[in-house]
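Quick heads-up: structures coming right below.
Next come two complexes built around subunit A: one with subunit B, the other with subunit C.
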Partner chain A sequence: MSATFVEQRPTSRLRRWTEREGVFSWLMIGPPTLFLILLVGYPFAYGIWLSLEDRPVAHAGKFVGLANFVADFHDPVFWQVAINTFVYTFFATILKMVGGLALALTMNQDFRFKNAIRALMLLPFIVPTVLSTIAWMWMLDPGFSIVNWFLKYTGIADPGPSWLGNPTLAMMSLIIVNVWRGLPFYAITLLAGLQTISPDLYEAATIDGAGSWARFRFVTLPLLKPVIFIVTMFSVIFTFADFQLVYVLTRGGPANATHLFATYAFDIAMSGGQLGMGASVALAMLPPLALIIIAMSVYMKPHKS
Partner chain B sequence: MSVERGGWKVRALKLWIPLGAFMVFTLFPFYWMAITSIKPNSELYNRKIMPMVVYHPTLKHYVDLLTETNFITWTWNTFLVAAVSTAISLVFGTMLAYPLARMKFAGSALISFAVAATYLVPQPLLFIPLADIINQLHLGDTLTSVILTYPTLLVPFCAWLLMGYFRSVPVELEDAARIDGATRLQTMIKVFLPLCVPGFISAGIFAFTLSQNEFLYALIFLTQTDVRTVPVGAIAELVKGDVFYWGQLMAAALLGSVPVAVIYSFFVEHYVAGLTAGAVKQ
Partner chain C sequence: MANIIQAASRRDILKISAATAVGGILGAARANASPKQMTMMHESSFIPAYDAYFKNTIAPAYEKATGIKIVYETVSVGSIQTRDTTVAETGTGPEMAQMAFNWPFLFDEKLVDVTDIAKTIGEKGGGWHANSAEAVVVNGKWKAIPFGNIGQLMNYRTDWFDEVGVKTFPETWAELLEAGIKLKKAGHPFGFELGHGFGDNHGWLYPLLWSFGAMEVAKDGKTVAIDSSETAKAIDFCREFFQKTMLEDCLGWTDVSNNKAFLSEQISCTNNAESILYIAKRDFPEIGKATGQAQNPKGPTGERYHMLNPWTHGIFTHTPDVQAAKDFLVWLMDPKQVTGWYDVAVSYYGPFLHMFDDAPFWHTEPRNLPYRDSMANSHLPGWPAPISRPQSESVAKYVVVDMFAKACAGKSTKDVIADANAQLKQIFKSA
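Up next, the complex of A and B:
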C-alpha cells in the first residue's frame, strides 16, 4: 500500500490543484449553484422587473415604475385578497398547531398497531393535494354533499348549508381542508420531537409534585418549542402562498371571498394576460411574509437547550 | 409518557376516543373516494338511498377513465417527470451537500444560507416570470419544462436533508481512503456515498412524492392533453364546463394516489425520517 502511495504522489499539477479542498468544493458546488441561479435567482429578479412593467402577454413590455403597485393599492379586491390570506393562514396554522399537538400527545402513548396507525395518519400529506381536494369538493357538493347528508341524518340541519357557495362557509371549508392535509405533518414531526424528551424529566417533575398539566406546561412545551417553531414557520410560508387548494375548491369565489395572493396573481397574469400586474400581486406577498417570519422568530426565539 | 396507567376508562378517554376521532377525520375522505368510484351513476345521484354503502358495485368508472380519457398517458407522464426530477435533484443535492457537510471553503456559509433561503421561496413568487421564460425558450407543452423546473423545488430540500445525513456518517473511512491515496472524488463516490443509501432513500421518496404532488407549474406549462400530468389532467379534462364526472373523478383521484401510497408504504420509516430530519435535531 505504501508503495502505491509513494508512486501516486508526483501527479500532475492539475490533479494537485483539483485536490485542494477549496477547489474541489467549488467544482462540486458550481453546477447545482449555477442551476439554481438560472432557474430560481434569475426568475426572481425577472419577476421584480416584470412587476415594474406594463406587460400584456405576447407583447413587449413598457416600463411603468411603481404604477402596478399603486394600482394594487387602489384595488379593493387586492385588499380583500390580503385579508383573506391572513385569515386563511392564521386560522389554518392555529388549528394545525393545536390539533397536531393534541394528536402527537395522543399518539405518544403505548398502544397496539402504533406504526400502522401512524402510517395511515400521514396519508393526507402523501396523496397529491389536487386529487384529495377533488374528493373534498365532492364531499361538499351543493347537491350531494355527504356532510349535509350526515347533518340531515342526525337532525342537525335540513337542508345543510351551501358549503362553497357562501363566502364565510367557503373560507371555513378551505381552512378545514388545509388543516386536514397539514395536520399529519405537524403531528408526526411533533411526535418525533416528543420522543426525544427524556422520561427522566417527567419522573423528576412527578417527584417534585407536578400534575399532568404542570408536566405538560413546564416540561413538554418548553422542550418542544424549537420543533413547534420550525414546523410552524414552514406551515405559515406554505399556507400563506397556497394555490392548489383554492384553485380546485373555489377558484377564489364566491365573489373573491376566498382569493389568496397566489390565486389572484394567477387570475390576473394567466387568465387576464397581465403579466406585470400579476407579478406585482405575487411580489406583494413577500413583505408580509417576511414580517410574519421575523415576528415569529422574535416571539418564539428557538434558543438551543 | 406511560407514567400513569389508569383503568380502561382513562385509557379510552385519553387514547382511543381522540385517536378514533382523528382517524375518522383523516381517513373518511379516502373511504368516500373509494366507494364513490365504484357506485353506478344511478346510486351516485339518488338522494333517496343510504349513501354510505354501495348496493351494486361497478368498475364502469374505472373502465371509462382508462379507455375514454388519456389517464394512462397522464400517469406515465407524471411518473417519468417525477423519476427524472428526483434523479437530477439527488445528484445536484449531493453535489451541494457533500462539500457543505465535509469541507472548509470560502463562501460555504453563504451557500448554505442560500440553499435554505431557496427552499423557503414559495412557488407563487416565481410562476409568472417562469411562465414567460419557458415561453421564450419555446418549452411550453413539453415535459422538459417541468423536468427543468421541478428540481428547483427539490434540490434545496434534498441538499438540506442530505447535509444532515452526511454529517452523521463518521469521517474515519474517508480519512483512511485518502491516506491510501484515493482522490477526493474517488473517496466521495466509492467510499462515502455507498454509506449514505438510507439518506438517499429518504430524500428520494420525499422528492418523488413532492413531484407527484406538484400542480402550479404543470397547470401553466402543460396545456395539451398528451403532455399533462394526472392532477392537471383530472382538473382540466374530467370537469367539462359545469359537468363533473364524479365517478370518474374519484376513480382518477384514487388511481392517481395509489402509486405514491404504495411507494410510501414500503419506505414509511425513511419518509418519516426525512420529514422530521429538519425539525428535530438531537
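Up next, the complex of A and C:
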C-alpha cells in the first residue's frame, strides 16, 4: 500500500501540473501548431523564398528580389493565364452553387430509393479525378463523343464541334467537367445544411401565407447562408488552384486558352527547370485568392443578431 | 510480339555467356569496394518486352558476373522528368537514371562527368553520331551516355494516298499540302498536333520552321531571330496546311490524340514516333498493313529536318561509388549486352553508335529505315543555338508551338510573330 502511495505521488503532481489551464492549453495547441508549421508553414515560406531567387533546377539559387514577379508582369501569357483562371473559377463556382443548391433541394424531398440515390450522387466526387477525366477525354473527342455522334446521327452537325480544339469551347468543356466533378460536394454539404432547418419554421411561414418561393427566399436561403459561404469558399480555393483536369485534358492548350496558374507554374518549374519563376507564378495566385476570400466573407458572412 | 520474344530468348544465351566473361574481369578488379546494389530509373516503355528484358536478362547477367544487383525502377510515362528533378534536387534515390531531350544540361551540376567512359564506349561501338554531342555535352563534358533516339516521322495511310493518286510519300511540304487537299476532300483529313503535348507538336513544327530556313534564336544562343521573312513564310504555309488538310480538333490535341485518331481511321497522315505502326501491327493488323512511314518533307531550302529525342543515361553525383556506376554503364553499352536490348524494341530506340547503322533489327521492319536515315538531320528544339536554360523555358512555354497554333486559329502572321518575338526577347534577356 505504502509503496503504491509513494509511486503515485510524482504522477499526480505531473497530472496536477498538466491540468493547469496555462499548461494544458499549450499541450493541446502544441501538436497542431507544430504540424502546421512543418507541413504548411515550411513549404509556404520555402515557396516565397524560391520566388525571390533565380533558381534553376539542380543549381544553387541566387537572390534576385522581385525580378521573377517583374518578369511575370511582362509576360503576356501570364496575364492570359490570370484571366483564364478568373473565368474558370467564376463560371464553375456559380454553376456549382446554383446546380448544387437545386440538387440539394431535390434530394431533401421524400422519394423512393432516397438513400441509394444520395449515395450514387457522390460518385463523381469519389472517383479519382484523373480516371474520370480520362473518361471525359473520350467523351470530348470529336470522333468518339456521344454528343457529336448524336449531332451527326440527327443531321444537326457533321462534323460536330471540336470540344477541346476550339479555344472558347475548350474553356467551356473544362468548366463543365469541373462542375460535374464538384457538384456533389456542394449538394451533399448543402443537403446537410437543409436538414438542420427546423420544419416548424416552414409550418409557421405557411400559416403566415408564404408560398413555396417565399419559404425558400425568407426561410431556407437565410438559414443556409453560413453553409453556402463555407462551401463556396472551399470551392473557390480548389477551383482557382485546379491542376488535374487541365493537365489531363488540354495541358493548357490550344495556345494557352486553358492554362491556369497551377498548370503554367508547373510547366515553367518542371519542364522548363526554372523553379524560382515557377514559384513566382504559383505565388501570384495568393493575393487575388486572399482578396476573393476577404470580399466573400464581408459580403456573405452572417451577422449574429 | 511473339517474334520479339523468341528473338530475345535466342540471344539471351549468347548474352549471358558474354556477360560472364566481361563482368568477371570487371568484378575481379573491384572485388573489394563494390556496392551490393545500384538502381537504374527509367520511364516505363510502351513496349513491355523492353522493360522486361532489363529486369530478366540484363540485371541478372550483371549480378551473376559481378555480384552487384541492379534494380530497374520504372516510372510512369510522362513523369520521369518530375522524378529526375526530385532526385537531382534532394540528392537521394537512384544512382543512375534515364534522361531525355536537354536534361543532361538542366541537371548538369548534379550529374557525374562521364567523358572518359563515353570515349571508351564510342571506340568500342564504332564512334558516336555527331548529334549525340548536341544532347549530352555540357561545357565540353559528357554528362550522360546516349542510348537511343525516339525519332518522329511522317506516318501515313498508303492505301488512301494511293486512292488519290499519290504513290510515294511527297518529297516537299508543298507536295504534301497538295496531297492533303485531295485526301481531305476524299474524307481522309490529316491530323498534326498543334496543342500542348510534350512531343508530337515540337516534333513537326521545329523541323517545319527549320526547313523554311527560319530559326528561333541565332547560333550565338542570345540573339532572338524569330522575326524573319522565313518565319512568316513557314507560318503562312502552316496556316494553309492546317485549314486545307486538317481537323479543327488538332489545335487542342495532346500526344495521345493523334495516335487515337490514326488508329480509329479518322486521319490519313500525322507526325509521330514508331508507336503508331507498332500498335497498329499488334492490335489493328489491317491498319498496320496500310501504314507507311517517311522522313519529314523538304522545305523551300531544299533541306529536311527532324526532332532529336534522345534517351540518355546519367549518373547522379550523390552516387556513393561513381566508378561502380560507370563500370555498369560501360558493360551495359558493350555491343554484347546492348544489342539485345535494342533488339527487343525492334528499332524504337535508334542507337547513337555507328556500329548499329546497319544492324539486323533495322531490317526486321524495313518501314523503320527512315528513322535511321533521319538521325543525320535531327536536332533539339532551339537549334542551331546550343542548349540553354532560356531555351528550356521557351519550350516549356510552347512559344514556337503557340505561334503556329494561333496563326492556324486565324490570327495574322504579323501578330503571332510579334507575340513570339516579345516572349522570346523576355526569355532570352538573361542569356
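Here, the second predicted complex is superposed on the first by the 263 of 305 C-alpha atoms of A that agree within 3 Å, B and C clash if a C-alpha of one lies under 4 Å from a C-alpha of the other, contacts with A are read in each partner's own complex, and residues count from 1 in each chain.
We adopt the following convention: a contact is a pair of C-beta atoms (placed from the backbone, for glycine too) under 8 Å apart; a residue touches a chain by one contact, two chains touch by 3 or more.
Predicted, not measured: the structure shown is a model, and the values here were computed from it.
Looking at the shared chain after the overlay, A:I94 reaches neither subunit B nor subunit C. Touch criterion met: A:W136 reaches subunit B, while subunit C stays clear of it. Looking at the shared chain after the overlay, A:T250 reaches subunit C, while subunit B stays out of its contact range. A count of residues in subunit A touched by subunit B and by subunit C gives the higher number to B.
By the document's definition of touching, both partners, subunit B and subunit C, reach A:F144. Contacts of A:L291 after superposition on the shared chain: neither subunit B nor subunit C is touched.
Shared-chain residue A:M270: touches subunit B and subunit C both.
Contact with neither subunit B nor subunit C is seen for A:I83 once the two complexes are overlaid on the shared chain. Of the two partner chains, neither subunit B nor subunit C is touched by A:A214. When both complexes are overlaid on chain A, the residue A:G165 reaches subunit C alone and has no touch with subunit B.
Touched by subunit B in one complex and by subunit C in the other are residues 141, 143-144, 270 of subunit A.
The residues of subunit B lying in touch with subunit A in their complex are 1-4, 14-15, 18-19, 22-23, 25-27, 29-30, 32-33, 36, 44-45, 47, 51-52, 92-93, 95-96, 98-100, 103-108, 111, 114, 118, 120-133, 148-149, 151-152, 155-156, 159, 179-181, 183-185, 209, 212-213, 215-216, 219-220, 230-232, 234-235, 244, 246, 249-250, 252-253, 256-257, 260-261, 264-265, 268, 271-272, 275-276, 278-280, 282. Remark: subunit A residues 54, 56-59, 71, 74-77, 141-144, 159, 162-167, 170, 250-256, 267-268, 270-274, 277 touch subunit C in the complex. Per the touch definition, subunit C reaches subunit A in the complex via residues 81-82, 85, 88-89, 106-110, 194-198, 247-254, 257, 260-261, 264, 266, 389, 392-393, 395-398, 402, 405-406, 409, 419, 422-423, 426, 430.
Contacts from subunit A toward subunit B in the complex involve residues 1, 4-5, 8, 15, 18-19, 21-22, 24-26, 28-29, 31-33, 35-36, 39-40, 42-44, 46-47, 50, 102-103, 105-111, 115, 117-124, 126-132, 134-136, 138-139, 141, 143-144, 146, 149, 180, 183-185, 188-189, 192-194, 196, 199, 202-203, 206, 212, 215, 227, 230-231, 237-238, 240-241, 243-244, 247-248, 261-262, 265-266, 269-270, 275, 278-279, 282-283, 285-286, 289.
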